[in-house]
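Multiple structures follow.
There are two complexes below, and they share chain A, which is joined by chain B in the first and by chain C in the second.
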Partner chain A sequence: MTRAGRWVVAAAALTLPLWIPSAYHLHVAIMAGIFGVLALSLNLLLGYTGQLSLGHAAFFGIGAYTSALLTVKLEWSFWPALAAAIVLAGAAGWFVGRLSLKLRGAYFVLVTISFAGVISLVSVNWIELTNGPLGLPGVPAPGLGPWSLRGKTAYYYLVLAAVGLSYLVCRRLVRSRVGRAFVALRENEALAESIGVDVTHYLVLAAVVSAAMAGLGGSLYAHYTRFVSPEVFLFTYTVTMVIMVVAGGKGTLAGPLVGAVLFTALPEALRAATSWQWQMLAYGVLLVLLVFFMPRGIVPQITASLSGRARSDPASRVRRP
Partner chain B sequence: MLAVSDLAVRFGGVTALEGVSFGVKPGSITSVIGPNGAGKTTAFNAITGYLRPTGGRVTYEGVALAGLRPSAIARRGIVRTFQKTSVFPALTVEDNVLTGLHLRGTAGVLAVLAGRRRLVAEEWTLVADAAAIIDFVGLAHRRRDAASALPYGEQRLVELAVALAARPRVLLLDEPGAGMTGVEKTVVSGLIRKVRERGVTVLLVEHDMRMVMGISDTVIVLNGGRVIAEGSPAEIQTHPDVIRAYLGASHGSV
Partner chain C sequence: MDQLLQHLVNGLVLGGTYALLGIGLTLIFGLMNLVNFAHGEFYTLGAYAAFAALAWAGVDFFVAVLAAIVVGGALGWVCEVTLLRPLRSESIDTTMLVMIGVWIAMQNAELLVWGGVAKSIPHPFPTAPLVLGPVAIAPLRLFVLGLSAGLIAVSWLLIQKTKLGRAMRATFQDRDTAALMGVGIGRIHAATFAFGSGLAAAAGALLGPVFLAYPSMGDLASLKAFSVVILGGLGNLPGATLGGLLLGIAEELGAGYISSGYRDAVGFVIIILVLLFRPSGLFARHERVA
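Showing the complex of A and B:
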């Protein structure tokens, strides 16, 4: 994106509560922001190290539960609970990363799915701690000094700050030696090792940062909906994140954000436009069309056609398995 | 000096290497030749940590390498290339080499996240280093092209550039001339000589005898997983065991 384009997007995001038509639309924007954090987090693994985590909802859920439990049961205030959610989710990411040290591709996917399955079962069955399927109501709204961030406008800015922070973390990482090591793992692991990239170290690192970021998203979600139940571990959340990253453009910085906004807004728009029977069908058709016409994702496709390199760059069209 | 002693690799019942011993003198170009299946690439894999040897030792300057990860061996200055072309396909030539400079960078994750100013300076140094290496292999005009978009011969040069970026003290090249045209092979031979002039020890697996005999100081011949001869190119060319291994017992069947 050009510098001017970036400023327009930033200005639009910053002034959004001023011109958005209703509180409902603001709600959609907040959800898009939370999913933006999650999509950025998944993209770090999927887009850069090339490893698909299909248990990403686990890190999201761990963040949500940590924050909720600490504030509800131990009456911590929001900020330390948020920090704990990030740390604990990051620790879970470290665990999964270590667990799958030598596992790649389908096996990495299986480990992440299993991990999410186990965590989800714990949340349902450890009733003394989590209240089981009934969930934890009464998660407090966050405050900032004397102000409460209970209102949607205030919460929007909190989420926007989190998106900004996550974006900055991703951007700094991928544009550095660390990010090059991530990509080396994705592109050619044997070659990466031969030039001294300790591949497993960087995979664990990516998993930790990615999980911590998902934990941030989980905490924000818990304090926004004010209620946490085992539903946060639903596979649907993971699938939604994957759709956002792949459709937006994996391995790009802006892609996950574009995907998050689009695929948060789309179901809402479809809900307004059609009956529920048609809603999922239309969603599916649109998704298929998008993948068909923009197989590399929205952002890479647009960047390529803008710079006119789509034809002269066969490499970017050839996808490796 | 890189020393291989009594190296053995067995895959189940198949013996790929048995009692292989040789030394690579610092600053030399040493070639390993032998018929297909002789164990050349297996030896490379065992030396560089891609394969755990069944027995024997590999030491570099007296330190044992067996059991170390390939990245740890690379950190000790022993860098290899692959028989099959091996680049980072979606990245540009420049990014390939920048990735190869991994060991030369120092940026850790915390410094990166904190956005330390010195990292900007480091990035610029790395970019300049990358440009110098790309120039060295003669791919300056390809700097911004994706590696996978390059013709085969140039991809092999990218591979060499990536390996050089890791600043090897011993460079192991697995068939750098395979599939190249005569002209390209001459270029590669010239580059290998220049690399050696910079003080890098080169260990080479190669099938092209003209190339091997032209640039090697020492030639090691493997056959059936064993060293059958070792010596200067002239000695090897007239060594009866080598002739037998390559041409069969009755000479004239080329």
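Showing the complex of A and C:
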């Protein structure tokens, strides 16, 4: 994107509450922001290291539950609870990463699914802690000093700040030595290892950062909806994240954000016309179609057609052995 | 002690169907190098196909089970030819994403067709359990166990004794060499996927009447099939059989002695532990199809 284009997008995002037509539209924008954080987090693993986590809802849910439990049961305030959510989700990411990233590939997918399954069963069955399927109501709205961030406009800016922060962390990471190591591992693991890239170390690092970011998204979600139940572990959340990343363009920085905005707005727009089941059915078909017809995603496709040739940036290339 | 025997018998019934799921998946995974997340959807399809055959066509229960197997196999064949064949030279991640798409699409199509309410599948067996000394077993469960054992034997014969089976084993060992020897890889892949999907559908048609049929039943079935494959080792048919029985018994014991709320966690924990300590499976000396 050109420099001017970037400024336009940033200005539009910053002034959004001023020109958006209704509170409902602002709500959609907030949800898009939360999913933007989640999609960025999944992209770090799927897009840059090539490892698919199908248990990402677990990190999201751990963040949501940590934040909710600390504020509801121990009456912590929002900010330390948010920090705890990020740390705990990151720790979970470290645990899963250490456990499974030696094996990678399909086995990483299976361990992440299993982990999410176990955590979800715990949230349903450990009733003393989590209140079981009934969930935890009354999660307080966050405050900043003397101000409450209860209103939608204030919360929008909180989420926007989180998106900006996540974006900067991802950008800093993928443009550093570490990011080059991620891509090297994705493109050719044996070659990367032969020049001294420590495979497990870098993959676990990616898992920790990715999980911590998903925890951030979970905490923001919990304090926005003010209610947490085992539904945060629903597989639907993971699928939505995967679609956002794959459709937007895995291995690009802008792709997940474009995907998040598109796939939060689209279902809302289609809501009047179709039922939820049709939407999920369409998601499944869409995923298949994307793999066949647009394997690189929207953002790389657009940048390629804008510049008239495929970009040579290795990070935006999908592996095609 | 009596209770333990009862749990073991229940576990064996459950385990027989898990073995069917596992054998199907281990062939698909091992031979086609495909991480088939839609496997559980063929299980769901089997249950609903049996239900449809009974409720709509009004056929006999045994015919309905057979119809479910045929429908599962046929749809598996279509799926392989239309979706997987064009992607055969793609990476394992690409085909995995496609199968995740198929999984979501199939599950929600089932939800649209059948609704979210669980369906009970009628069966002709008497509900009074047979009491054999300390254990009681419903005749339906006995039938499930018997038919599972039969299908496992058929699978084994197919792989070991037929020409198709020999071609499948050759493809698993070395695809390129097998192709050079005149094995039609495309045909073998289609046959493997159809056969594996048919077995999954059989498991669904068998367990559907024992429990209930509902659209999301395939999610857990997929994961259980994967834990069986991981337990038994990739492409290992006796391993998948033993792994299935072990998982069924472990679940029954876990539900009976620990907490029934965590029954389904057993499979997850097995996946994690086996991958951690014995990543090539409990019974594998080396990966193989046999």
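Just so it is clear, the second predicted complex is superposed on the first by the 288 of 321 C-alpha atoms of A that agree within 3 Å, B and C clash if a C-alpha of one lies under 4 Å from a C-alpha of the other, contacts with A are read in each partner's own complex, and residues count from 1 in each chain.
Here is the rule we go by: a contact is a pair of C-beta atoms (placed from the backbone, for glycine too) under 8 Å apart; a residue touches a chain by one contact, two chains touch by 3 or more.
Not measured: the values here are computed from a predicted model.
> Applying the document's definition of touch, where does A:Val246 land relative to chain B and chain C: first, second, both, or neither?
second
> Counting only touches as set out at the top, which of chain B and chain C does A:Gly196 meet: first, second, both, neither?
first
> Once the structures are superposed on A, label A:Arg180 by its partner contacts, choosing first (chain B), second (chain C), both or neither.
Only chain B; A:Arg180 stays clear of chain C.
> Does the superposition put A:Val285 against chain B (first), chain C (second), both, or neither?
In the superposition, A:Val285 touches chain C alone.
> Applying the touch criterion given at the start, work out whether A:Leu262 contacts chain B, chain C, both or neither, answering first, second, both or neither.
It touches nothing on chain B or chain C.
> Using the touch definition from the top, say if A:Ala162 reaches chain B (first), chain C (second), both or neither.
It touches nothing on chain B or chain C.
> According to the stated criteria, A:Ala85 is in contact with first (chain B), second (chain C), both, or neither; which is it?
neither
> Please determine whether it is chain B or chain C that touches the greater number of chain A residues.
After superposing on chain A, more of chain A is contacted by C.
> Same chain A residues contacting chain B and chain C, which ones?
320
> Show which residues of chain A lie in contact with chain C when the two form their complex.
50, 52, 54, 99-100, 103, 105-107, 109-111, 113-115, 117-118, 121, 124-125, 235, 239, 242, 246, 277-278, 280-281, 283-288, 291-292, 295, 319-321
> Applying the document's contact rule, which stretches of chain B touch chain A when the two form their complex?
Residues 48-50, 69-72, 74-75, 79-82, 86-91, 95, 98-100, 102-103, 105, 107-109, 112-113, 115, 119, 123, 126, 145-149, 159, 162-163, 165-166 of chain B touch chain A in their complex.
> Across the complex, what residues on chain C touch chain A?
So the residues of chain C touching chain A come out as 29, 35, 83, 86-87, 90-94, 96-98, 100-109, 111-112, 219, 223, 226-227, 230, 259, 261-262, 264-265, 267-269, 271-272, 275-276, 279.
> Where on chain A is chain B touching in the complex?
Touching chain B from chain A are residues 169, 172-173, 176-178, 180-181, 183-184, 187-188, 190-199, 205, 209, 313-316, 318, 320.
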